[in-house]
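Pasting the structures here.
In what follows, chain A forms one complex with chain B and a second complex with chain C.
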Partner chain A sequence: MAKITFITSNNETIIAEGTSGSVMELAVKNKVKGIDGDCGGVCSCATCHVHVNEEFWSAVGKPSELESDMLEFDDNVSEYSRLSCQLKVEEVPDGLILKVAK
Partner chain B sequence: MTTTTQSQVCVVIGASHAGINLAFALRREGWEGNIILYDIDKEFPYHRPPLSKAYLTSEEGTEQSLLFPKENYDDENITLKLGISVKSINRNDKSINLSDNTVQSYDKLVIATGARPFIPPIKGIETAQNLFPMRTAEDAANIRKAFNASTKKRVIVIGGGYIGLETAASLKKLGAQVVVLEREERILARVTAPIMSEFFTELHQSNAVEILTSKNVISIETKNDINSVICDDNSTYEADLIVVGVGIKVNTELAQEADLVIENGIKVDATARTNDEHIYAIGDCSYHYNPHYKTNVRLESVQNAVDQAKTAAKAICGQENVVYDTIPWFWSDQFDVKLQMVGLSNGYNDIVTRKEETKNSFSTWYFRDEELLAVDAVNFAKAYMLGTRFIKSGQLINKTKLSDTTIPFKPNSFI
Partner chain C sequence: MKRSTFPDPFKKARENKGLGKMNDQNDPVKMVLGHKDVRRCAHNWKTFQSGGEEVGRIVVPSEVHIRDTRQIPFEVDPPEHKSYRDLVEPWFKRPLERDYQIKLTDIVNGVIDEALEKGKLEVVEEFSLKLQSRALTLLLNIPYEESDLWISWGTHVFRSEDTALDGDKANILYDYIDAEIDKAIANPSEDLYSMLLASEVNGKKLTKEEVKGVLILTFAGGRDTVINAVTNSIAYFADYPQSLQRLREEPEILNTAIEELIRYFSPLTQMGRVVTEDTQVCEHAVKSQSRISMCWASANRDERVFENANEVVLDRKINPHLAFGFGTHNCLGATHARQIMKILLTVLTQKVASMEIIDCKENIEDLDEFERKVGFDSIQVKFNKL
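Now for the complex of A and B:
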């Protein structure tokens, strides 16, 4: 069970708990504005872009090559960018804080 | 917005990518009234793209790939009526007639009926054994079941488009003998440049899928559950399972019978509204104007379904200055290859291909003179993302630099 805090671009905070699936799916389930997951979670659309809170970055880990290629030319990329469809709820640290990219 | 939608009903015909995303977008945009969706498909609304990919190669059902979790429909008070078809639309009294002999009235109606597989008029096609299209969860389940039951696992795929090729790749992974029969001189002829067709032909052949072009299937003869697929050059191929992927027919009949304007699909304006101010049409069935390409298009894609749904939801909720204006994008997964496409290449007169140092990574850039129209990126998401940015901004690109792989792949390198 991981508890994840999502902060949307208009500073709304949503705390969601999940046990399985992707972080994107958890966000959609909890109606987190700005995370759409239009492609269904296959790393094709970049509509689930989040910025990982710095203190969790090493625990979350770097993106794969495909994912970092998707992110590199995104207008809102940061050094803590991830696509949340590629993060598994059971693998992310409990208490994780994610800021939804614009 | 001045009027309240509390006592109003929005009825949606079709509960797939377009219809379902419209329903949830309506709630986000503040629709307070009822939302009722009808679909002939009994399955709880699911993502279609995995059907020809991960779904075929797994034992899982569609519960792994629902568009939205079941509880979200309850939370948002969205009513799903599955397994019910709509018989007719009565524009005069704003109601629809249903297959269970009931009538549902609407204030706003959204037609998201999509398309159905085109089954070509091939002699013997109706009596062929284990012949299926690939569009619904039921189709995919039928293919999986027939495949598992077959001992020889000889598969013929009629049609070398994305659906046919993805299905071929998935069944090959499961150990099938697969032959793809394409009527044109090359696969993917309608949608990509020859260089892309060559790449995908080689990809399939190197994975032992046979790709045969200029093969016009004229009849299918079936004896003892074995099909013989016969082409007009007299070649014959035996098949335990046949997958038909030769295109679609747009589901415009309901709209046509209701006297809505039909033009290649259901004609809509920039807000996805038809010629009836209370009726919208979205997704695969809609024929709409694309402001970037300055042309009318009908698109068969998840992106179009989802984005047009979001646009229509805003318009239905009374927002002003709503315009559907997107750069279309698509994707396809076959074997270990990820193809990402952005833009519309129709009307291109020049191509730049850039092969990266990395094995199997390249991109094809479609131009009309100096204007970048579209990019096909193979195992190279950077080209897809940068292409998207360049197309959106109308950036002029130095083609010589673009094709020079000694120049690093960075936005400023090609300007």
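Now for the complex of A and C:
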């Protein structure tokens, strides 16, 4: 069980809990504004872009090459950018804080 | 070669030069072929423009001679693009609503039941065109019966047998849309026409011409693309009954399967841009005011990105395909198209045991340097009940 905090661009905070699936799916289920997950998680749409809170960056880890190629052309990319469809709920640290990019 | 095999004609040119060349009505197009280059060009809307003065020029083949109405938001650049796009985006997300999905499921059940009853049918006209037209009534939020007229136009509203583009045929659609807009002005309802007519962008009411521009795009952008996605998927499952069986047993791969079919078939081959300054594309000079195109179909077979790029891998997990475009102008109809595919595949697994291709005629696009199979002109298929 992981507890994840999403902070949206209008500074709304949504705390969601999940046990399986991707972080994108968890966000969509909890109607987190700015995470649409259009492609269903295959790394093709970037509508699931988040900034990982710095404290958790090393625990979450860097994107794969194909993921970072996708992020390269996204608006508001930062050194802590990830596509949340590539993060598995059961693998991210409990208490994780993510800022929605859109 | 199986009939659902769609070869990649771009491989050599993509690997050797990264570019192809097409002489379209004496307005040549440099086709960008590599995945990374296509993304880079799509991202760079300042240098590679959609909203130039000559309406219709970014389409390949060019529509400069057959259309004066600017398509919106397709032929508008940022920052204006965003105002229009924000206006229509929520409407085009309606396919995510339950009620929409229930109605779409009825439509899909309708065409599949009909196919099973007939046993044997020509899929393009008797299945895909019907499904596409009926589903479009949901997207426009208008009565189902209106689709009968669109179906009667046949598949080639914009093309005729011998020319790629046909002005007379396009006029049927444009006149129809004009008339529908006038009707919506006289009797506003809950449909897309009325919503647009009542809307403002940057404090100004949309003009009739602007409303027409959105509607033309909705009709044109969603017709051949959806028809090819549906028809080609039927051909694929006919050729690979074990794939249909696999979807039945593993419904959890439905999403990756849809994205993979869309990558593999890439129903829209390419889209153009007008170059605004002398620049370079993959180390080749391109001149200001010339045209390039982003070849989504080629990018989607780029082996630097996709392992076994020429195979359909139904559970491909990472699939950064460009079939719906990339960046600013990415496909507004993608939610609708994906929902059609999702429900189609689901109902196929529920009702159809197998399908057999009896006969078919391929639809080959002539791109000068390349010939690309993009779908079928006709395909006879036998449907067997589960």
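The rule we apply is simple: the second predicted complex is superposed on the first by the 102 of 102 C-alpha atoms of A that agree within 3 Å, B and C clash if a C-alpha of one lies under 4 Å from a C-alpha of the other, contacts with A are read in each partner's own complex, and residues count from 1 in each chain.
Just so we're on the same page, contacts are C-beta pairs under 8 Å (C-beta built on N, C-alpha and C of every residue); 3 or more make two chains touch, one makes a residue touch a chain.
Because the structure is a prediction, the values reported are computed rather than measured.
For chain A, the partner touching the most residues, choosing from chain B and chain C, is B.
Of the two partner chains placed by the overlay, neither chain B nor chain C lies in contact with A:L87.
In the superposition on chain A, A:C39 contacts both chain B and chain C.
Looking at the shared chain after the overlay, A:K29 reaches chain B, while chain C stays out of its contact range.
Contacts of A:S64 after superposition: chain C is touched, whereas chain B is not reached. When the two complexes are laid over each other on chain A, chain A has residues 38-40, 42-45, 66, 69-70, 73 in contact with both chain B and chain C.
Here chain B touches chain A in the complex through residues 28, 47, 49-50, 65, 68-69, 71-72, 302-303, 306, 329, 331, 333, 338, 340, 380-382, 384-386, 389, 411, going by the rule given at the top.
Chain A meets chain B in the complex at residues 25, 28-29, 31, 33, 36, 38-40, 42-46, 66, 69-70, 72-75. Here chain C touches chain A in the complex through residues 36, 39-40, 43, 255-256, 258-259, 305, 316-322, 324, 326-327, 330, 334-335, 338, going by the rule given at the top. Put simply, chain A touches chain C in their complex at residues 38-45, 64, 66-67, 69-70, 73, 86.
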